[in-house]
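Going in written order, the chains are labelled A, B, C and D, and every chain counts its residues from 1.
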Amino acid sequence: MPDTLIKVDLSQSAYTNEMVHNRWHPDIPIVAWVNPGDDFIVETYDWTGGAIKNDDSAEDIRDVDLSIVHFLSGPIGVKGAEPGDLLVVDILDAGTLAGHEWGFNGFFSKKNGGGFLTDHFPYAQKSIWHYEGMFTRSRHVPGVSFAGLIHPGLIGTLPDPKLLATWNARETGLIATDPARVPPLANPPFPSTAHMGKLTGEAKAKAAAEGARTVPPREHGGNCDIKDLSRGSKIFFPVYVPGAGLSMGDMHFSQGDGEITFCGAIEMAGAWLHLKVEIIKDGMAKYGIKNPIFKPSPITPNYKDYLIFEGISVDETGKQYYLDANVAYRQACLNAIEYLKKFGYSGAQAYSILGSAPVQGHFSGVVDIPNSCATLWLPTEIFDFDIKPCAAGPTKFLTGDIDMPIAYD
Amino acid sequence: MPDTLIKVDLSQSAYTNEMVHNRWHPDIPIVAWVNPGDDFIVETYDWTGGAIKNDDSAEDIRDVDLSIVHFLSGPIGVKGAEPGDLLVVDILDAGTLAGHEWGFNGFFSKKNGGGFLTDHFPYAQKSIWHYEGMFTRSRHVPGVSFAGLIHPGLIGTLPDPKLLATWNARETGLIATDPARVPPLANPPFPSTAHMGKLTGEAKAKAAAEGARTVPPREHGGNCDIKDLSRGSKIFFPVYVPGAGLSMGDMHFSQGDGEITFCGAIEMAGAWLHLKVEIIKDGMAKYGIKNPIFKPSPITPNYKDYLIFEGISVDETGKQYYLDANVAYRQACLNAIEYLKKFGYSGAQAYSILGSAPVQGHFSGVVDIPNSCATLWLPTEIFDFDIKPCAAGPTKFLTGDIDMPIAYD
Amino acid sequence: MPDTLIKVDLSQSAYTNEMVHNRWHPDIPIVAWVNPGDDFIVETYDWTGGAIKNDDSAEDIRDVDLSIVHFLSGPIGVKGAEPGDLLVVDILDAGTLAGHEWGFNGFFSKKNGGGFLTDHFPYAQKSIWHYEGMFTRSRHVPGVSFAGLIHPGLIGTLPDPKLLATWNARETGLIATDPARVPPLANPPFPSTAHMGKLTGEAKAKAAAEGARTVPPREHGGNCDIKDLSRGSKIFFPVYVPGAGLSMGDMHFSQGDGEITFCGAIEMAGAWLHLKVEIIKDGMAKYGIKNPIFKPSPITPNYKDYLIFEGISVDETGKQYYLDANVAYRQACLNAIEYLKKFGYSGAQAYSILGSAPVQGHFSGVVDIPNSCATLWLPTEIFDFDIKPCAAGPTKFLTGDIDMPIAYD
Amino acid sequence: MPDTLIKVDLSQSAYTNEMVHNRWHPDIPIVAWVNPGDDFIVETYDWTGGAIKNDDSAEDIRDVDLSIVHFLSGPIGVKGAEPGDLLVVDILDAGTLAGHEWGFNGFFSKKNGGGFLTDHFPYAQKSIWHYEGMFTRSRHVPGVSFAGLIHPGLIGTLPDPKLLATWNARETGLIATDPARVPPLANPPFPSTAHMGKLTGEAKAKAAAEGARTVPPREHGGNCDIKDLSRGSKIFFPVYVPGAGLSMGDMHFSQGDGEITFCGAIEMAGAWLHLKVEIIKDGMAKYGIKNPIFKPSPITPNYKDYLIFEGISVDETGKQYYLDANVAYRQACLNAIEYLKKFGYSGAQAYSILGSAPVQGHFSGVVDIPNSCATLWLPTEIFDFDIKPCAAGPTKFLTGDIDMPIAYD
């Protein structure tokens, strides 16, 4: 049985765990060293460190302090890894911490984080998803069940000081273009809620003042929220610091492409990863690697029957954009939501399905001026009833007496 | 054997064919009527009407008059179809016109159309792809072969006058924001090269003056360039005019998600579609349909082993964008190109592969401010050699003595 | 456009075509020579040479003279191929001869050929299947439609004299153990209906007297009836004579594993194959090859939702067999037929579906004495209605007013 | 977290566990009752109850007492289930008991059980497979690794007295045709090693004297060894006794179609199943069910690139059989073994791969007298090196210094 390098106690604050951190900084001390070829287990908190509860109120979503996320387990050092190498990580397996067989999906208030469709869903809402073995179901979103595709929303290596400075410069530069925006354009360093692992005192204060927030994906990986980094996949990470410094968290039981609901996928209350690490010496230059690359798992859900929604870069008010794939994907999502409402779902429930089920989002056409074309692929097999179009028209399978909790600002 | 409703003679100008048109307008006369339940065959020109040749020069790409595209076969009327219905189109099959077993992929000059990576590939280039039965190979891009995924890049229904007016208003409005831009933000009506089917005289002149250009995808479908509208798929189109008026063309032997090379996929020199049509009465309202929806084919390439490249919304100069999926997908594409160059491909060849092979492009994360995360999925099985990363580093399988023709401005 | 090496005229008797033969013998002259690397097209008769008609009577099935089958196109010589080599054949594509978009599936009378379930279906029956592009449907078997998986039921290389002698010896030896059996245990050479290609006179008479019948699969390939040798697959054949001598026919539009109905799959009225050939010198010894091996196509139907029926080696009378996989598979088939009858199919219709749809048959357990366990995989997506079990029980979607024609002995 | 209904202590003899049994008999007391809709966990011993060790000797395989198998957890009663119903079992998940991350694959001595290829591998051999998360590798069979497809080799419902009598009658009848055969044709009741769950005294003695052995699959399911009854599948079992009486064991981490090595698949040292049960009232008659039917899992390995070996019903001595699918599949297996030997594997290693990897075995042609045609599908992606044929011939990747332990009789 492989060693568990990092354990978490979900009954205690994540801040009490020295093998956890919530900022990126090269000074965060390695918490455990392994050799190339080793496999080991890492436990993780949910991304909020337990702020969201398995209940029927969305107030916790509304009120969450987003400066505390994401609680990451690590960094783990790999002996012999040097800047310029590739760190090869096999996600050998992943699963649930016993007794915590549930996750949450939600929408942030537009005033506290927002989301991809925040103009349509401006208030905090929440759905709780229970696991039934490999599958999941929600008491707040009836009529749908699907196989999990467990993956870390966030996994990456430590930046070196130069890369960290680059991140902070470009992101604070962006913020400066519209500093009052709600939600903000980006998140600057924020020392007061920083958890810098084993660092204390002045060293901690210095690192916390510079530590990059964990929200965006960056060159080292990070919060990519790629549903396909699932158990069985193999990832090749750039190495920037000696030992690589691999950290991870934000485990998802399932997610749709885009993680459009932002809060988030099906966020696992407690989870573990079983990893194996190898090194490709000087791999960054050998393969011209700037961002991580990966190979998908040989085991993923076989859903094959999709209903596919198109969206173009004309928004819901009729405004024309120039080849804007975001607008196009947003329209595809809105089109899918309208469709699902015909079967009795509330808009919020439909949105939650798109955020949490193994939905695909494709860049279908990106050059046909002025309209980008995006497609959203909704697997039909995940529904308890038939959602395919037919001459008779849709049946309202859901009566509307169940909906997702909402918490107004 | 089903009837061939529309035939094309590739040795004659497409302008001589009255069953073809290159603009969208409700006045374009229906060229043939069918009943719901009928199946029939439609032949198509390549999108340029034969302007691009099977040779080793890119001058035709450089010099092409883009105001002439796309030559569409139709419109076909479906008896009983009324505004508000859904027209259900089964693509029962699709193939090559005998004797024309080749297609082209190219990049437009930045001064004449451009493309997704036009800043990196500013000059016209071309690759010719030959079909080997179900498969294709290029004499200009060695070492790669893949199964075709034949589909119409462009298929849609006729707009009614109100929808047409909406299109023209919003697109000319966009153009007006930067009218001198090269390439342009959009294409306005352009009567001089319009082909309005059977229309002549004053009726033609009026329609040509208003006729929407065929480049962008819109609410009626149109130039979606969705590789998954392939033989075997089933599409549900909104109906805006009596009879629906279904037209199609721009047939692709294969394409990557995004059709990033713009000129285009593997553009079939001559092709045919075998279609079947049905109607869902009042289907737009019943299902809340604004854009077409579709179901994928039960027969598509089974490629399963991918190498996946990530891109984030920081461009190649280091500039930070706010959740810009286009920038992210562009970075994923550039990352894949750099990778393929390590095996001996020129950048142009790698770009051509991404535009023509069954590559997937996913919106992976769209909410993690400020970085969108996009992924490009490159099937490894299409290469004659192993492109997976390994400790030994890449082997240059290609010697570089073969490249794609280029034509400087 | 590749050359068509062998053409067929379906309005003429196959016996008039010198590029066709219906026995295996090394003396049959090569009809065309190609080079390694060449690709070319071959047209084929249906396996009976046109004996079965597109009508609503099964009398042609009942009365067919089985000594005439199979009419094969070839043999084609590959320059440089020598005994001991492997002949690599890519099935680049396959399709229908224009105007012959139909095929037949039938059961032979028990007195004239029989079939896998001949004790349950002892009389000749027939269903005609029409192609709708890539798909097929039968006017005799309503409620089911599926994508074709076109393949040659029969393809192989010429035997050398020694191999031919081995075949004749072992098969006539088997016949001798029960020479009066109906249906027979095997088919001996039968000169009177032999078609030996270009051979005439004494040479023909000699070869016809020895020529092996084409019914069984053998070391050279032959009538393997493997549905997975479909368009896009790559086959490695042993070579026994100089030039290899590749012949083919018995084209199927679709077939279930086992071709249990014997007459047969969906037998294409007229078809063509697009092939490419290569040679692996001395490949038989290098790879230890005794029978052909192959790689499946990258394009096959994606049906994923199956209902799977188990069968064990206890027959329908309760008789216990010892690890007899045939009995087990027969039980799985009978179980599937009983199940489908609950939805309104006649037994014959259900049997026809199992013979012609892309059904899988697996050896699931072959060692658990005394019961072999076989499974039959029925794709649920091919039916127009839902055949999955549910608490409410099955619905009779079919009224029974349509059935397959039958012809009593 | 679901309840664990049955626990096992692998450090104790399975005979000490009253919630376990190794014979089928209606008198075996139900050990736990559940309601329709409940989900729960069941732990299982390996099929031999711990007789095989994680070491490098095959003596335990040679010497195992096969009268003790299989140790099954159960029977579990489902309230309301009555004879004639269908018991619907969802395998929600399955996994390894912590600390027991290994399994064994072996061949029995021909004198003690044998196997599908026992004439070629007459002596006991063993390979130990370690799990690396979702994957497995063997120190005795280098160069191969694959994703697990965890499933119960044995799962079924209790027979009623009449069914039990039928089994015993037909199997003892078979044995009587050749009672001295080694290995035997079937296994009769054998009281001395029977474990009848909670039964004691006279009741136990009576039941043990009649209890059917667990080796063969039968009408109730039982030892089907169907690799596709994997986690995520849904099985419909006939119900013969009130409460159904569901028992299970013989968990496999992975298996090839046929479980040809007999001892067996990758036999899990200790495992658990997470199940959910429902009832379809009167389902046996409603759907015409004689044997279980099932739906496969939406999550299974995506291996797509196969090398496929044909076999016909002529055995390795040249003997001709009449449509014998067993002989044909055996030939396909032998052909695959010869092929793998060219890459450096011993015959035993190749045999072990075929027994344990996700290999498919298909009935390809079952009617072409006199030769049945079977195909064995070997996924090429499971090997660390390329096993596809090429012009250069095979490379011996393995040096032969590692082989499977053997124990001579």
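List of remarks:
Assume a contact is a pair of C-beta atoms (placed from the backbone, for glycine too) under 8 Å apart; a residue touches a chain by one contact, two chains touch by 3 or more.
Composition by chain, UniProt nomenclature: A, B, C, D = Formamidase.
Keep in mind that what you see is a predicted model, and the values were worked out from it rather than measured.
Residue contact pairs shared with A-C exceed half only for one pair among C-D, B-D or A-D, and that pair is B-D. Shared numbers divided by all numbers used gives the overlap of an interface; between subunit C (Formamidase) and subunit D (Formamidase) this overlap exceeds half, so the copies present the same residues.
Of the two chain pairs examined here, B-C and A-B, the one linked by more C-beta pairs in contact is A-B. Distance between subunit B (Formamidase) and subunit D (Formamidase), defined via averaged C-alpha coordinates, is recorded as 51 Å. A separation of 32 Å divides the Cα centre of subunit A (Formamidase) from that of subunit B (Formamidase). If each chain is reduced to the centroid of its CA atoms, subunit B (Formamidase) and subunit C (Formamidase) end up 39 Å from each other.
Among the residues of subunit A (Formamidase), those in touch with two or more other chains are 298, 302-305, 381. Contact residues on subunit A (Formamidase) toward subunit D (Formamidase) in their complex (touch as defined above): 1, 39, 90-93, 98-99, 101, 132-135, 146-147, 231-232, 274, 276, 297-303, 381.
On the side of subunit B (Formamidase), the complex with subunit D (Formamidase) involves touching residues 302-305, 381, 386.
Residue ranges on subunit B (Formamidase) touching subunit A (Formamidase), taken from their complex, read 86, 88, 115-116, 166, 170-171, 173-174, 183-187, 215-219, 221, 223-228, 236, 257-262, 278, 280-283, 286-296, 298, 304-312, 314, 318-326, 329, 331-332, 335, 338-339, 341-342, 360-375, 377, 388-391, 393-394.
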